[in-house]
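After this come two complexes, each holding chain A, first together with chain B and then together with chain C.
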Partner chain A sequence: MPVEAIASVAGTSTMEITLSKQELLRELTATQGVVERKTTIPILSNYLFEAAGDKLSLTATDLDLSLRTSCTAKVKKEGSCTIPARKLHDYVKLLPDADITIKLLENHWVSIRCGRSNTKMVGMAKSNFPSLPVFPTTGVVKIPTQILLSMIAKTGFAIASEESRYTLNGALMVLKPESITMVATDGHRLAHIERSGEKFEGVSGEMKTLVPKKAMDELKSLLDSTDADTIEFAKDDSTLFFRIGGRLLTSRQLTGQFPNYEAVLPKDVSKSIALQGTELMAAISRVAQFADERSRAVRIKLEKGELKLSASSTETGESEDSLEVDYNGDPLAIGFNAQYLLDFLKATGGTDVKLELKDAQSAGQLRPAEGEDYKYRYIVMPMRI
Partner chain B sequence: MSAFPRTIFHVDMDAFFVSVEELFDSSLKGKAVVVGGQRGERGVVAAASYEARKFGVHSAMPLRTAEKLCPHAIFVNGHRERYIEYSQAVHRILTSFSPAVEMASIDEAYIDMTGTERLHGPPLRAADALHGRIKSETKLNCSIGIGGSRLMAKISSAKAKPHGLLWAIAGHEKTFLAPLDVRDIPGVGKVTEKNLQNFGIRYIGDFSRYDEAFLEEHFGKWGLALAGKSRGEDAGGWFDSEVGADSEPKSISHEHTYNQDTADVAKIEATLMRLSEMVGRRLREADLSARTIQLKLRYKDFTTITRAQTLPAATQLDTEIFEQIRRLFHKNWRKFSEVRLLGVQAAAFDEDNAQADLLDQGRRQRWRNAMLAVDRMRDKFGESSVSLAAGIKGGFRERTHENPVELRSTFGDKDKK
Partner chain C sequence: MGFSDFHGNTEVVHSLRDMLARNRFPQAVILSGPEGAGKYTLALMLAKAMNCLEPKVTNGLPDFCGHCANCTRIAQSEDLSARFAEAVEARENLRETDKKETRIFVQTHPDVLVIPPDPPQLMIKMDQVRRVIGTIYYRPGEGKERVYIFTDSAFMKEAANSLLKVLEEPPEFATIFLLTTNPGELLPTLRSRSMIVTLSALPVEEVEQYLAKNRPDWNAKQRALVARLSEGAIGRARNFDLAAYVAARSQALVLLNAARRSDHSELFKLTETFRAGADGREKIENLLRATYSVLQDLMFLNSGTPQFIRNTDIQADLHKLAESTGFDWIAQAADRLAEVERGMRRNLLRSLSLDAFATALEPTA
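Up next is the complex of A and B:
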């Protein structure tokens, strides 16, 4: 970093800015999720503040993720400093709605003045702050914000949370010139969503990316709060970049091979039952109260004209619910983890769904009854009951 | 517990490992013999003959210490298969006397003989018959203690050694126990002994000077248990349960101490694989699946760490255990530091996973079938007949202990308080 080197040689470690509390707080709130919680490396609990031109850039990182954002500021002296992130956020929240002046003092202390409030915070040398990856200049793909947001919401919950299956600790995003697909699985269920009829410039053939769970979560909240219609996505050998409006999220790439999910998508589901999403969700929620606490197993019994749901545990008792369905095939009993079913029904927001089954040992498939613009399917492995 | 007066036998094989070795090599008879490894090797004594014990050698002592105490001893490697075979033979004889048999370890067992008088006669006659049967069928010596509780039976068998019978007649427990050292109570180790001495309790009879409230105040639940034990009652923890009642282990573990400390990753991984295999085999043997896998790692300087990982689903497969252990090792090992001891433990037993897997396409089931086939081969041709490739280099002689750690802990843990 030549710029830093010059600054320190010249001994001009200064910074002085004034900015609106509201605007600063908005960016502090947006970046809190990325600040390292476990302080094994103290500098990661700090923001890097860099003032230049007419804006302040804020950066937070936990080494896996980094988030850089900015807000307009009156820059009296250009420069940079680091400030403890959580403390600053907590403090700024409590300040009156007025302008705040931030000034770097000696020994990395930082002064924060607002109206009649005056605080000096203990910072750290900014040279300790890790250097961050640079947004690539080529291979940038524009993705519609709402599409990406919807795809994350419909797959993110299926990502494995156990560290023990680390290649499943992310979702696979597949970009093609005219479609985008996202797949997530924890080895017991798999959510798959595809949107075609789009145009992704700069994508030729197939661009596969494994997006870590942490990045998915952060991305979701950033997409939720942006006005921008599209976001920019790019990657290099080790890093993923998402530019959402004025904010830039980077994530370390997950190494390893995402499983060959196409092989597990069911091909021959012989039984298909149309169900009302809200009704099914309510019934599962009720009987699941009496499911074994750990396995969360509920039993689905399919008979002519009726779908029976039941659960039992030695501690709490047993419970049954029944739904009227249009079904004429052979009877079938199959067990599922109630939570897995509920996750999907929540993601589809109560729309009507189709449950497709083959037999008690094979994966079941859930889909929204209406195709809409997305091809969305959810595959759940049964439980032995 | 039934109100009917109980008759419990505690059968304890005399110098079991050594005696079994003597059957295979009669030249060992009457000599100072140390089982557990060769002279100069690392590791601990699994068992010592009475002759060697005279020199202060006892099990769990480092082999090198044994060598110093008893330089003329004959050092022999342990043969776990042999001990298991003989232990099973003894077990068969025991079950022919009473259905309520509980092997407390490989070489000792409790038998509930309550209500067998019409079949076997009075306790002493039954014990004599059992003693004779074991000797004639296995050629091994044992000692049998008879009492109205497990505790009395166990203390009696210890006093009957070697090759004796002792009946602690019901109603006379206090008189019998009073002159005995507190260390004669199973579970009282150095620490408790010292704490008790602070109150002037050296002999079991000394307990009668204090009331239970006092003992509870100073020793907690263990104090109450001690008060009961001093009267000859089965008080506290495992001693309370019926003989043969459900007594599943809480954990299964295997450890290995290197003869020479190593920082060679390939070697370490091979050892971890081998240990994972051993743990997996025991899990399948006991029909258990574990949710928690723990690594034990001791460095050259004896600093020891244990790190555990809880799995999303219980397992009994060597490959899955190894996967976790390997990860734990690499996450926690100080790179290039020499390792002295490695241990793999499986705990938190749970029902096998009912949730089918989407991605493994039956792989897990195939692994399980393969492992069961491997187990059958090992039963037939010995432990080292089959091994996963990664574990072949990790091959080492299994060191067997007369008092496996997990069984010892039922007693010893109380000392740690």
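Up next is the complex of A and C:
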């Protein structure tokens, strides 16, 4: 590595900054989710610190995802360095509330001073740090924070965690000039949420984006902790960008075609049953205790004026619950995975729901009874019981 | 800098570059060849050529510059043993709970992942393949092609099986290299999904010329000997540890002589030193290899082609041994040796296996 050696001898790499511990710790904590713990690859366990103007930008990456954030700092000497991420976070947590001075020394050593504490850590050559994608200047779409947050909360749980089905390892976000839709599925259930009546400038036609699960999770925690009303979203050929306040989350794009989910959405549901969310959730939770541990199957039996939930397994026994419902059609028995139903009921937070069925072989659909501002539907494949 | 730095196997390299040029590079390539033939070097060169920011053309075929940000970062993986050692050390420093779940990877460029066998078992493990599966479908960030290099074909069973799915339908921007000394070791289903490229041995003269240029610190006699002993593998020739080889070979001679003369005290004294543990494994591998090369030379002498023998420095010993052995004995010894080798894979006791080898070859009274 003669090139780097020359660079450090020539003295081009300097950096000296002073900043408040609170602020640094806040940003370090916000980026911890991206820093990988169980890795032996040096670039993944280091922060990139860049000081310029009156702020320090810090970047963490796991190569697929990167998070860049900044905090105000008194910059004595502009420059950049890398610092082991975990150790720094653990150490800064223990420092007293005072100003911290960070200074780059020779051979990638970094000194951290705070009050009477003095520490040195060794980073690595900055050139090894992956170059960061640049936020595009065109095609930036503003999305209201609360809308995005609620859409992620209502679809994220349905993303497949199975590695082999890689096109399902993310949620599909569809932006149109007047609406935003998010869809997630793992092949057994599908969550679909749409919000119309918004205005998305810069979107023409349909903009489809597959957002990887990892990015969704990170995005959720970033959205949770921001007070900005809107976030900025953009993408280029290989990368997705989300700017949340002063933080920029980038994710490499996943390849692959999201399945044609529209074909799955049931069109002719003949039976619709209104149910009280909390009651249904409690009943399913109880009955599911006695469901087969692997399949988690519960049986739903519809009769006049009554919905019966039951489950049985050879090991634990059997259980039945019944709910009073307004139903006059033909009797029907259908099986579902209890966990899938509970996931949806948790996401809707106990509001009243509608269960829509066609027959025992067709997918069931759940949706909130009150069609608030969102069009939210959840499709679950039935199980043989 | 460039493919011109790769020694030997010009035709193989040529055809691989030709595939690159025509954008027909296979998504999964098994690079096979003896140890030191340059499999890893070639795989990294191809990774550079795929991702070079200032690609060059030499001899009408794609080449790499060697000094752009992508080339230099990929080049940092070249010293595999050093990077590997760093990764193992980094794992040692992790928390006890994290240690168990951390696997060894070498990644000096975001789009090029090198997967070495994970210690202590030195096998490619499930978690390593899982990482490949988890990352391969992301589009390349800084390069054009995501490259995955498995440096060894010793896969755990489940690991090999889960790799199948990716090999079946890798994204169009990814290339997987499987390096192996013996393609037969890979699952047939892995082989059928990949293109097998074989790096063959170089002629002795070529290796000697290379050594003359790169190892001027050795004398001509040493170079000639090493060129013969390295079995046509440049990498092995360059780093040949002659002292270690000579030691292993003298042990091999003790072993074979003991078998000829039923001299058990010498034999036991020797085999006693082959203990369990990682260094014992390396020691016995060296011994087996040296024994094979001695047996081969005996065969050459036996068949009247002494010009082919490799261990030119101990001709007298070889002649003596050759006189007292016949074709059948040598063939039997080679068979038995293969048995010892197989036994090693099943973790048989080293000393006992060697004892059994020698006593089985003793002349029946």
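Details
Criterion: the second predicted complex is superposed on the first by the 373 of 385 C-alpha atoms of A that agree within 3 Å, B and C clash if a C-alpha of one lies under 4 Å from a C-alpha of the other, contacts with A are read in each partner's own complex, and residues count from 1 in each chain.
Rule of thumb we're sticking to: a contact is a pair of C-beta atoms (placed from the backbone, for glycine too) under 8 Å apart; a residue touches a chain by one contact, two chains touch by 3 or more.
Small disclaimer: the values here were computed from a predicted structure and weren't measured.
Once chain A is used to superpose the two complexes, chain B occupies space that clashes with chain C.
Of the two partner chains, chain C is the only one that A:N128 touches; chain B does not reach it. By the touch criterion defined above, A:V264 lies against chain B but remains apart from chain C after alignment on the C-alpha atoms of chain A. When the two complexes are overlaid, the chain among chain B and chain C that reaches more residues of chain A is C. Of the two partner chains, neither chain B nor chain C is touched by A:L94.
By the touch criterion stated above, A:Q253 is placed in contact with chain C alone, chain B being left untouched. In the superposition on chain A, A:I385 contacts chain B only, with no contact to chain C. Only one of the stretches 92-100, 110-118, 164-172 or 218-226 belonging to chain C has C-alpha atoms clashing with chain B in the superposition, and it is 164-172.
Residues 164 of chain A lie at the contact with chain B in one complex and at the contact with chain C in the other. Note for the complex: chain C touches chain A at residues 69, 72-73, 76, 86-88, 90-91, 94, 98, 101-108, 110, 130, 133-135, 137-142, 165, 171-173.
Residue ranges on chain A touching chain B, taken from their complex, read 162, 164-165, 185, 187-190, 259, 263-264, 295, 297, 335, 337, 361, 363, 379, 381-385. Those residues of chain B whose C-beta lies close enough to touch chain A in the complex are 309, 311-312, 323-324, 327, 354-361. Within the complex formed with chain C, the residues of chain A that make contact are 1, 3, 37-45, 63-64, 127-128, 130-131, 133, 163-164, 166, 169, 212, 237-239, 252-256.
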